[in-house]
Each structure stands twice: as C-alpha cells, then as structure tokens.
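Here chain A shows up in two complexes: once beside chain B, once beside chain C.
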Partner chain A sequence: MTKSVTLSVKDGKIREAVNSFLKELFNKKTIDAMLVPLAHPAGTNVVQALVTKAVFVDKADVFAPVMPVNSARLIQSITRLTTVDRKTAVVLRPCEMRALIELAKLKQVQLDKLVLIGIDCPGAYAVNNYPKFAAEKKSDDFVKAGFQWAEDTMLRTGCQICEYPYPLTADITIGMLGLDPSKQILIQANSAQGEEILSKAGMSLEIDSDLAQKRQTAITKFAGEIKERRKEFFEKTKREIGGIEKLSKVFAQCIKCQNCRQACPVCYCRECFFISPTFELDADRYLRQAEKKGALRMPSDTLLFHLTRMNHMGNSCVGCGACEEACPNDIPLLKIFQLAGSEVQELFSYVPGRSLEESLPATAFKEKEFEQIGEK
Partner chain B sequence: MAETKEQFEPKIIGFLCNWCTGAASDLAGTTRAQYPPNVHPIRVMCSGTVDPVYMIKALLSGADSVMMGGCHPGDCHYVSGNYKARRRVAMLKQIFKSLGLDDNRVWARWISASEGPEFAKFMNQITEETRKQGPSSMANDWAI
Partner chain C sequence: MKRKIGVYLCHCGSNIAGYLDVAKAADYAATLPYVVVARHYSFMCSDPGQDMIKKDIKELGLNGVLVCSCSPTLHLRTFRAACAEAGLNPHLCEMATIRELSSWVHSHDRVAATEKAMALIAAGVKRVLYRNPLEAKWAPVNPNTLIVGGGIAGIQTALEIASAGEKVYLVEKEPSIGGRMAQLGKTFPDLDSTEELLIPRMEMVKTSPNIELLTYSEIAEIGGYIGNFKTTINKKARCVDETKCNGCGECWAKCPVEVPSEFDYGMRKRKAIYIPFSKAVPKIPVIDRKNCKYFIDGSCKACESVCPTKAIDFKQEDKKIEIDAGACIISTGYDTFDPSPITQLGYGKIDNVVTSPEFERMLNPDGPTGGKIVMKNGATPKSVAIAHCVGSRDQNYHQYCSRVCCMYSLKYARLIKQQLGADTNVYQMYIDMRCFGKGHEEFYKQASEEGVNFIRGKIGQISTETITDEEKGKLVVVCEDSLLGSMIRVPVDMVVLSVAMKPRADTADISRAFLLGRSADGFFLERHPKLDPVGTMLDGIFAVGCCHGPKDIGDTVAQATGAAARALELISKGRVDIESATAFVDEEVCAGCGVCESICAYSAIEVNPKTKLAKVNEAICKGCGACAATCPSKAMQLKNFTHKQLIDVIDEATKDFAGLAK
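For the complex of A and B:
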C-alpha cells in the first residue's frame, strides 16, 4: 500500500514545484533545518548546504545533474559528535541514502531527528563536466529529457549502470519514474514520520493512487532491464581488467593518494589501516621487501590497498562512483569496485542500504553456509 | 622463471590458530610425522583475527599460496571466530574470482589440536597442489 500526494507542476517548471514543496515543509514548521543541494552562485556547481532559513530553499536544485560529494559523508560529519537536536530533513539521491543506511549500521552516523527525503534520480555528470551542461541547459531540461541512464554517455559511469535510481529507504520520496514530471510529481510517504510530516504540511494522502501505481510499474520494468545491462557491463569489465596483468595495468597510474578512499562514503574507518603505523616502515624493512622481488614499486602496496579496500567495504559499495570522481588519474574505479562489490553482495544475498535491519555480512554468520570452505 | 615446474618449491604462508591447527602442527612435530616444510606458519590467537589484508599481502609479496587454519566449525575457542573467518575467506575468494585472480591459491582448513596426522596430510596436499599450479603470477610482479 502506498500513501502519496500528487504535486502538480505549473508550466513545466519542475524545479519551482519541488522547491515550493520543500519550502512548505519549512513554512508549516514540520522541520527546522534541511540539508539540500543549492545552486552555487557561480553557476558552475550545485552543492549541499545545511539550511535553516526557508528563503534559501529557493536556490535548491535537487535534480541538477551533479553530485560533488556523496552526502552520506556530510551527515557523518554533522552527527559525528552528537545527534542533531532539531528536526532536520536531508534531501538525498538514492545512492547517498543507501550509503547513509550503511553508515548507520556501522554506527558512523546518528539518524535521530533526521527526516530522509529521497529523489528518483536521473543521474549526474562529473563535477568538471557540469559547467558545460549548466552553460546551456537547466535541470528542468535535463529532467524533461527523461531518464537516460543507458543513452547519455556523458553521465557518470555509476549512473549509467545504477541498479537503484529510486530510494529504497526514505521517509518521503519525490518520485518521477514512469511519470511526466513536466506535469506531475509524486510525493510519497513511506513511514509514519513521513506521513506525519506531509499531513502536518497540510497535504492529504491518497492510498494507492494511479500515479503511485504507474511509478511502481515503471520501477518493476526497470528492475528487469537493469539486471541484463549490468550483467553485460560486468562481463565486458572482466574482459577489460581481469587477471593480474590487466589489473596491474589499470593501476599502473595509481599514485596511492587515497583520494578514492577519502571520497568513498562507506569507507568508514576513522583512521585507515593504510595510514596507520603498520605502513610506517623503517628503511631496513623497505629494503627487505625490495629484496623479495628485486624491486619494490613506490609508493608500495598499491594493489594491496585496492584489494583490501574491496574486502573491507565491498559488501557496502553502493556504486555511487565517488571514488572514480576523486581519482586524479582517471582510473576506472567504479567498474572495478562495483564488479567485485556486486558479486560479493550476491554471495551474501545482501543489498547495501536496503534495510536498517539487515545485518552487515562481516558481522554475521550462519552455521550452515560455505561448507565447502575448510573441508577436504 | 629459471625454475622448472619440477624444481619449483612453493612458498606458502599459513595463518594457524593457536588452539587447534597450530597445536596440531606441534603434535605432528612431536609425533615425528613427515611433511614438507613449504608452509611458513604464523600463529594467531584465532582464525577470526586474520584480516584478509594479511593474506593478500602474502600473495602479493611472493607467496604462491596462503592458508588459514582454524578450529572445526562450532569448536572455536572464542565461539564464532572461525565462522566469521569462513565468511572472510569466502569473500576474498569471490573477489579474486571476480577480478580474474587465482582464488585456488587461497586455502582454509579446520584441523583440531588432536589431528596431528591430518595436519601432516594437509601440508602434503597444499604443497603438492601449489606445486602443480606453478609459481603464482601475482608473486612475480614487482610493479603492483
């Protein structure tokens, strides 16, 4: 059963309609603050901002095709020391929402008093491609062109193969999939908190509206198609990067700056093992390592770093592509981490960010599983 | 490689749980069981303490195989360390498979403290199988 209201869009002004909805949440005092993407005055970026005054919501541009950072990281910083003490809505893309749920399981964010608002996501361009887009077009044009994950090759790789461009957990969803957003947008309540807020904002919720069903049908259809597309994509990726020689080639340009790890929303350790004293070797240890093969690549342990990261966070990889965006040398990290990530997730029938109740595979076990491992 | 397959002596790193597989190795020694010396043991307090980073590090720095030895499922001294270790090994093997790396070079075995002969048998098995596989290509690449 779905509970939703239909937001009518006047004169095809999608951004305006969404902003007035968001502003209404402030005006009706359903929330006190909001983390929401605002257009940067320079016109060349859209950045998350923590807003406490409703007028700033006029600058919001939630569908603009750019995602400078995965906002789960921002919420991690905000709630690092304490929970938020006022009702704060966070407007997130689906991959940000999923990362947030993973961080909550890892006890790295505190969700208390947060209101999760998720959008159906039409995708994003790289930060340095966005100014080109913004010079010619507006987010409304982008949304009106429809969901083009498979066709628009300028989209980030992660967006092109995104498995869940719709929120899996949200109090409120701003839905567009399967609809004509230049006319109508669906605001759906998915939790008691979501319902309470929408009612308080004066919206009367409809049960299983035609629009909600239409969106659901589109999601079901998409889910079937994307499986095939991802399968093909991963098969191609395996041909491109499979085996030690090709992997070695892919990471030949890695300078081990660890930007990828820093940008990854689910690389959760406060102090990474790779910057810990374990890797502060004295000269003799370096030389002894070099002796093993006669030469030691420096900085050392490049592939070790990536393979370890996959082992540590592969189950939680949400495919946001923040790693690839952060890489100064254009190493195609998204496809490598998503390939390995999605195959381990399949091994544990785990979908990162699907539900707070699902335990992280590394913290759980079953007595009867993987029984071929460790036996003759 | 100058070595031919027959001359090739595999280098294997074994992470052995102190309470079971490690104790089994002692027993194999005191009962003078014969087994090849290719496995270099590293004693750990429980298979559950072995982060895959160490297994990967061994493989990338010259080991031809790695193994994790723990207590039989249900018998872990710390209750469930080996169940978690088993998941980690499953995950590591899957990641290797996904990336086209040789996951057959990652081994696990549950051998209890009283299974000295089992331990010796397994040392033979892992050494011979690794010998058959030949030197690991991961072990030879300095540029990774």
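For the complex of A and C:
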C-alpha cells in the first residue's frame, strides 16, 4: 500500500499549495535542482525551467494547461551523455513521464539521481490557444473545473483521448483524481525514493486506504469511459483517413519541414535517416524517379517520411500530441500516430512508458508471440 | 578508380537459355554504364566458363564481375574463387540469379522472363559498382573442446577427440557420467548388457590423459565465438575432497539418512552421502546437502569420522572454473515423459503400472531388484502388457515419434519370456510397429515367432475393476483392437508404459546460454536436417544425441563420432575464416540506443556506456544485417550492403524494362 499525505488548499488556491510543497522540497534540502514549469513573465506561456534556487519555485504553475514541449526531450538534452550529479526533481505530465521511460529504454536519458514527480493532468491547450485562456482564467480555475475532456473542445486532441492522465512511474504523485482539488491535493509516495524524500521534507506520510480507494475508483471509472471514447475516436479516424488515398489527402499539405519529428519526444535519432546522405540524391536520380512516374512530388518522399517515422516510433508513441502541435499546417498527426500506434501496441500487449522493465517489442524475443502468423 | 565491369550470362544448358533470350540480355548488359564486356556461355561454372572470366580480368583489367546464373548459395564461392585466382578481390564479384528468379518462374513467357533478367542484371551491375574490396579475415582456433553432458553421446565424442591427441573438457551435471544409458538393462537388437558396453568406456574417460572430467558441474556462462569460446563452469561443492577420496564406500555405508534414489526412480533408497550407482565414474560420493543431517542441524558427522583418507570437507564451496575452447559439443540428453496426467492409465495410483525407465532399472542386474522382473508384492508376473506411444504421437502431449519405444518394447517382450518362461503372456498394444533399423525387423519377427501377442490399438483404460473370474486380482487393460474393430479387455499382472522421450527440463536455459535454436518439438535444431545434422546455427557448436531429438544408442554414437570429426577438423585447420562483410557503425550518427545490441542473435554488438556508441565485434558478426535493418537512423550498416547502395539497386531494378526484350 502506498503512503500519502494531503495538502490542504486554502481559499481554493491550488497553485499556491502545490508551490509551497515544491518549495519545501528545496528548503529541506531533499533536492538540489528541479525541472519545473514556470509562468513566463509575458503571461502568455508556461515553460519548463531548470531551477536551482528555491525562490523561483514561487513562479511554478504545474497545472497550467499548456505544454510547449514534451519535457522528456529536455531531460534527454541534459542527461544523454552524463548523469546529473545532484538530486534533481523533474515535474512532469503523465505523457512526458511515459516518453521519458521510453527514452530510458533507448538509453537516451539516464535516470540516476532524478526524482520523478508526476501530476494528475487534466490536459492542456495548444501554445497558440493558451494566451486566450490566460487572459481570462488562472490555472486554479482550470483544475477546479476538473477533467473536461469531452466538453472542453479547445483541449488538444491528444488530451481529449488521453488514456493515462495520471503518472505510471512517478516517485511522487501530485494528485487530484478522486478528491476535490479546491480543498485538498494528494501527495503520494510511489517508490522508496519518493517516500524517503517526502519524509525528509517533514511530511507525515501514512497509509490512507480510504483515500487510495477513492483514487482507484476514479481511475477505474475513467478507464472505462476512455476506452469507449478512444474506440469511437479511432473508428471515426479510420473513416476519415483509412486507405492510401485518404491518407495521401491528409498529407497533401505536408511541406516536409520535419517539425513533427523534432517535437516528438521519442524520435531520438541524432541524425534522421531522411536528412542522411542516403536521401541526398543527384540530379540524375531525381530525374529518373520523375521519369518513372511522369511527375514527382517535391519535396520527394513526403509520405515515405511519415510512414517510416510511424514504423520506427509507432510502438513507443505515448500520444502526447507534440507532433500535431508542431505542424504548421495542422495535419492531424496525433490521430494518425495514435491509431496506428495503439494497434501495434495492442498486438504486443505493450504500453509505452508503463514500466522500465517492459522491453521494447522490437528488442525482445518471446517464444510464444504472434502465433497467428507463420509457424506455430 | 575507373570501374570496369564484366557481365557473364550462363545458359545453364537449357535451364536459362531455353526460357529467355540470353543473347539479347547480354546485348542489353553491354549498354549499361561501366560494363566493358558482356558474354554468354553454356555453363559458366564449368572450367572453360571460369577461364573466360579469368582471362577477361587479366586482359581487360576488369575490377568488377557479375555472373548471371543460378543462386549465390550454389556457386558464389566458385566464381569468387575464380576471380581470386585471377588476382581480383573476391568481394568484387557478385551474382544475379536469373535462373531461379527468372527463367524457372517465368518459363511460360519468354519476353517477360528476358525483361526480368535484364532488371536483375541492371540491379546486379549497380551492386558490383558499389562493392568495395574486403580483406579476408581469420582467427586462430583454440585446440580444446568443451563437451556438455556425459552420457554416451558425450563420452563417445570425448574419447574420439582425446584419442586424436586433443584436449577435452567433459562437463556433467550429475555426480557420475554414464547418463541415461547407465540406467538401462540391455540394448536392442542384440540384447547386449549396457553395462558391458558402457562401463569400459566410462573407465577410459577416467584414465585418458587428454580428458578433464568435471562432474557435478554446470555451465554458468558462455561467450566468444567459433574457435574461441570462453565458458565459466560452476563446479558444485561435493563436500568430498576428490584428491583424497579413494571410493572405499565406508561413508555411505555409515550414513544414517535414507532418501529415494533419483537414479532408480525412487525404487530404492540411497544415503545422504552417495554415489548414484555402484559403477559410477568417478567413484567419489557427493553429500546431498538438502538431506544431510550435518547441514540440517549439525547433528551428524558419521561420514567424516569413518573416512580413512579424511576426504570429507563440509566447508567446501561451489567453484567457478574458466575454460577456453575452440568447439563446444552439446550432448545434454533427454528426459522421459511422466504419464501421470494421462489419468486413465492409472500410473502412480495403480500398483504394477510402471514406466519403461522404471522397467529398465528392473532389468539392470545392478538395479533395485537385482535384474529380476517382480511385482510390488515380490511375486513374478504371469502376464505383462506393454503400452506403446505413451506421450508420443499424441496431439495432447508430443506429436513426434520417440523412435526407440517400438524396439525397446519388443526387447522387453523377449527379455520377459527369457526370464519368466516362454509361457508368460506378453501383449504389445501398439499404433504402428516401427522397426526400421539394421536388424530391427528381424528382431520383430523373432518376437512374433516367440509368441508375443500384438494388439493394434491404444489403451483406453487400465483398471482394477474386474468383471469375470479370470480378471479377478488382475489389472484389466481395456483397449480397442483396431484390426478387429472391437473393444477388448485383457487381464494382466503388470503393465509397462513405453513413455516418450522429451527435451530436458533445462533445454530452454541451455538454448539461451549457447544461443541454440530449437525445433517445434523443443529439441535443439540442427543446421540442416540432411546436410548438416550435427551442426547448429552457431558455428563451432554441435548438438549430438537425444538433445537433438529421440534416437537410439547406435545413432547417437554415429552422430557423436561425426561431431568429434567436426571438432577435429576445426582444430587441425587451426584457423577459422571470419565473415568479411560485417556490420559497421557510423559513429557520427549512432545514438547508442542499443536496439541493435538487443536484436543481434550472435551477441556481436555492445554499446559502450561511456561513449554511447555501438561497437561491432567483427570476429563474431555473421553479416546477417538484422542490426542494419533495425537501426532507425541507419547508423548501423553492412559492408557492401549500405543503405544508399540498396536503395540505388532497388531504383535500378524497378526501372521500366518493357519492350527491351522484343
């Protein structure tokens, strides 16, 4: 049974309560640094920042409904070559944490000395849309409104069909599922490290089976609903984009800027195959390719680029939607990747980011697998 | 370097020339860039054909050769050797398979077959164009051989290699060598005593100066590659000093603990300090630490007190031994099927229903009954039924035939009649009699003539419920006589279940450790069922005996001798050729994700945790290309099969060839 404690929220000031908790982690010297979303002074964005002084935590706004980049990518930048040498907490949305776990399996991040703090996430708006929200409302209002996937049409598509809005591999969870966040926020220790840090921070942890039960009930209820919603969504998507003709229609507006792969947290190659010498064709090759068909779409291999990316990354797609948000022409990449991704993931009974122990389907050989195909 | 490519089309008699226009295809080849000569000839693989290539290399200064003929599996080696003889790096020679991929499959359409051949030739020329000369590589061979499993297969291999003067490490997990054969009574079809056949060979193993015997030991780890395997053996603590013990037997005579003997399938007891059977090699006991009173509560040291050589060592610990070897022979044997799940046979519930291994122990003069066939109450049976195919040829258990049961069941019949008198009734309940070996059919005929009853049918039930007076006090075997088409009831005193041979319980572990493949039946997979039944998919590792599939002693020894020859071949050559077209890493691009590492079937790739770069061990790499296919950024590539090359080749092959052959 996990141990937890609740933060009481005074006058509905959720952000303040969470920030004072995060600050306490600094003050009690349980951590030395923190990657945490801070409100940008411009008021139009909330961005991840690597903080080493507690005072900056006052600016934190972890529930603000915007995710400019998937933070797994940031942690990759920090830890790919070397581990952090002091305890660094990273405050992540569930999809960011799942991407982080995928990157860890791919040896692109090193989790040593990292403390994973996950939040229950009611979703986010596109960076473009956030200023509209921020002009009228605060993140506390957003949290109090609760989980609004079906109703809030401004939410990013990925958030609307999010399967896991709660962290799966956190050391510490900042939770609201199953309780009223305007009154209290859950702080849960999900690992030995999490428990140690919370105790050191002076929090009196206990096993609250009532609270745990409420949370579990909320999660179970949600899981049932989202399953239906995803099914509906995928069926609709199939009608919209199924088959090569419809698919090429969807990609008609693609300019092959490759922003999608730049934004994708699990697309980890140092040099994408599509910018490698293999795709540096000489004039003769271009002309010969054109000759074959009579007309060659330029830039060439646009659809191949997307299909290859899907082939490489479909299994690890966590559905964060960073690709779709990065697309300058609003190609519904999240839809396409989630549709294909969820189907292959199901074939391998694989949930990306569920556990570090679960090996990537391409890298694990199981004697009994895919018995419907080939030799038994 | 200006490329000069020669293209040679083979007629293959009429195999190719009969179905496509070789002259036209050759004319087309001559128009391709860099092609300086294109010829066609009746048999390129013949001496005049090869000489044609050699002459052109010398006279025209070719630096690339494309032979368009059969498949590379058949003749790539031939043509590369010819090129090498003429002084051209063999890796600059390629083949285009216009026989299997064109003339044979499009024999009905001459024009289409010719056009496809042109496509294959065009793509082939591109392949040659991209090829680079590679250096032939080799590694020295360690002359030691490691043999895992000391049954008759391992013993035979060890003796063959040792008698050739080479060093052998024979590792056996049990306290003694001998394996399953040591448990048997007599062999078929000659009814020789297994003891007389086996024990002298076990003694030879013990005395051979070239064999280092490691009993009560298991493989802990294995690494390396053909010619250079590095293994770690875990030598379990015997708690008896092997250098001091003289095998006098005082200790096991004195030991107060009695537990069922595994070797005798629990039919008699052994002590907590024991040798598995009286002729064990080495004749050095082990202490069973689970049951020994000293290890349970420290209450007994009887063995230590009687040991005249002070060989007992309670403090002994497991020891790791490192062994380097050039070849590994896997001879881990088989397990027997436990028939208890087939509840209608009553095994384990009804007295005098025994399995074939148990019956073998009964027939062994050194066995629990001193070689006497007896029932549980000590009386001799007057009638015995023998059930064939118990767990074999059975959809629910093992689909395969265990190959030896028909013969040993006949052997039982004849031995029963020999020992208990010709009037003893013996019934064989069989599906098909499979007596295909040398002297086997004759053996079957002899059993028939001796009055053994053959009933074609599977046993439906063995029961103690009797109906008639004749059945009273007997086991009733209910079965269908499929030749008569009716159910029959056969009252007997004893039933022997001829149980299936199945893969050892630890086969999966061994297969993982040695990276051996397994066939659908669970046994180790040979490299080729006809042409390499001894080799495995891993060079330098051979699987022999029943770990490869059910077989009798004769077949096992034949296979073992074959494996010994293969190991000696390696040793006498002294070096192994290593694949030159290995994988390589573009370090500028490699992200160190390790997907290649985990997918490599040969463990040839490692990601350096510091540099975050994958590194290929070229001595182990087989050039299969799995890594190159998996690497998303294509940092991993295969020499002479680079991605740019492959894409170019595909491009070339998918050009428009329509109309060229008309």
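Throughout what follows, the second predicted complex is superposed on the first by the 366 of 376 C-alpha atoms of A that agree within 3 Å, B and C clash if a C-alpha of one lies under 4 Å from a C-alpha of the other, contacts with A are read in each partner's own complex, and residues count from 1 in each chain.
Convention: a contact is a pair of C-beta atoms (placed from the backbone, for glycine too) under 8 Å apart; a residue touches a chain by one contact, two chains touch by 3 or more.
Everything numeric here is computed off the predicted structure, so don't read it as measured data.
Superposition of the two structures on chain A leads chain B and chain C into a clash.
More residues of chain A lie in contact with B than with the other chain of the pair chain B and chain C. When the shared chain is aligned, chain B comes close enough to touch A:N315, but chain C does not. In the superposition on chain A, contact is made by A:Q108 with chain C only, not with chain B. Using the contact criterion defined above for the overlaid structures, shared-chain residue A:K132 touches neither chain B nor chain C, since it reaches no partner. Shared-chain residue A:K29: touches no atom of chain B or chain C. In the superposition on chain A, contact of A:L81 is made with chain C only, not with chain B.
Of the two partner chains placed by the overlay, only chain B lies in contact with A:L307; chain C stays clear of it. Contacts of A:V344 after superposition: chain B is touched, whereas chain C is not reached. With both structures placed on the common chain, the touch criterion links A:I244 to chain B but leaves chain C unconnected. Touch criterion met: A:K292 reaches chain B and chain C at once. Common to the chain B-facing and chain C-facing surfaces of chain A are residues 273, 289, 292, 362, 364, 367, 375. Listing the residues of chain C that touch chain A in their complex gives 508, 520, 588-595, 598-599, 607, 612, 630, 632-635, 643-644, 647-648, 651, 654-656.
Touching chain A in their complex are the following residues of chain B: 51-53, 56-57, 60-62, 70, 73-74, 80, 82-84, 86-95, 97-101, 108-110, 137-138, 140-144. By the touch criterion given at the top, residues 238, 241-248, 251-252, 273, 289, 292-297, 301-304, 307-308, 310-311, 314-315, 336, 339-340, 343-344, 347-348, 361-362, 364-367, 369-370, 373-375 of chain A touch chain B in their complex. Within the complex formed with chain C, the residues of chain A that make contact are 80-81, 106-108, 268-273, 276-278, 285, 288-289, 291-292, 312-313, 359-360, 362-364, 367, 375-376.
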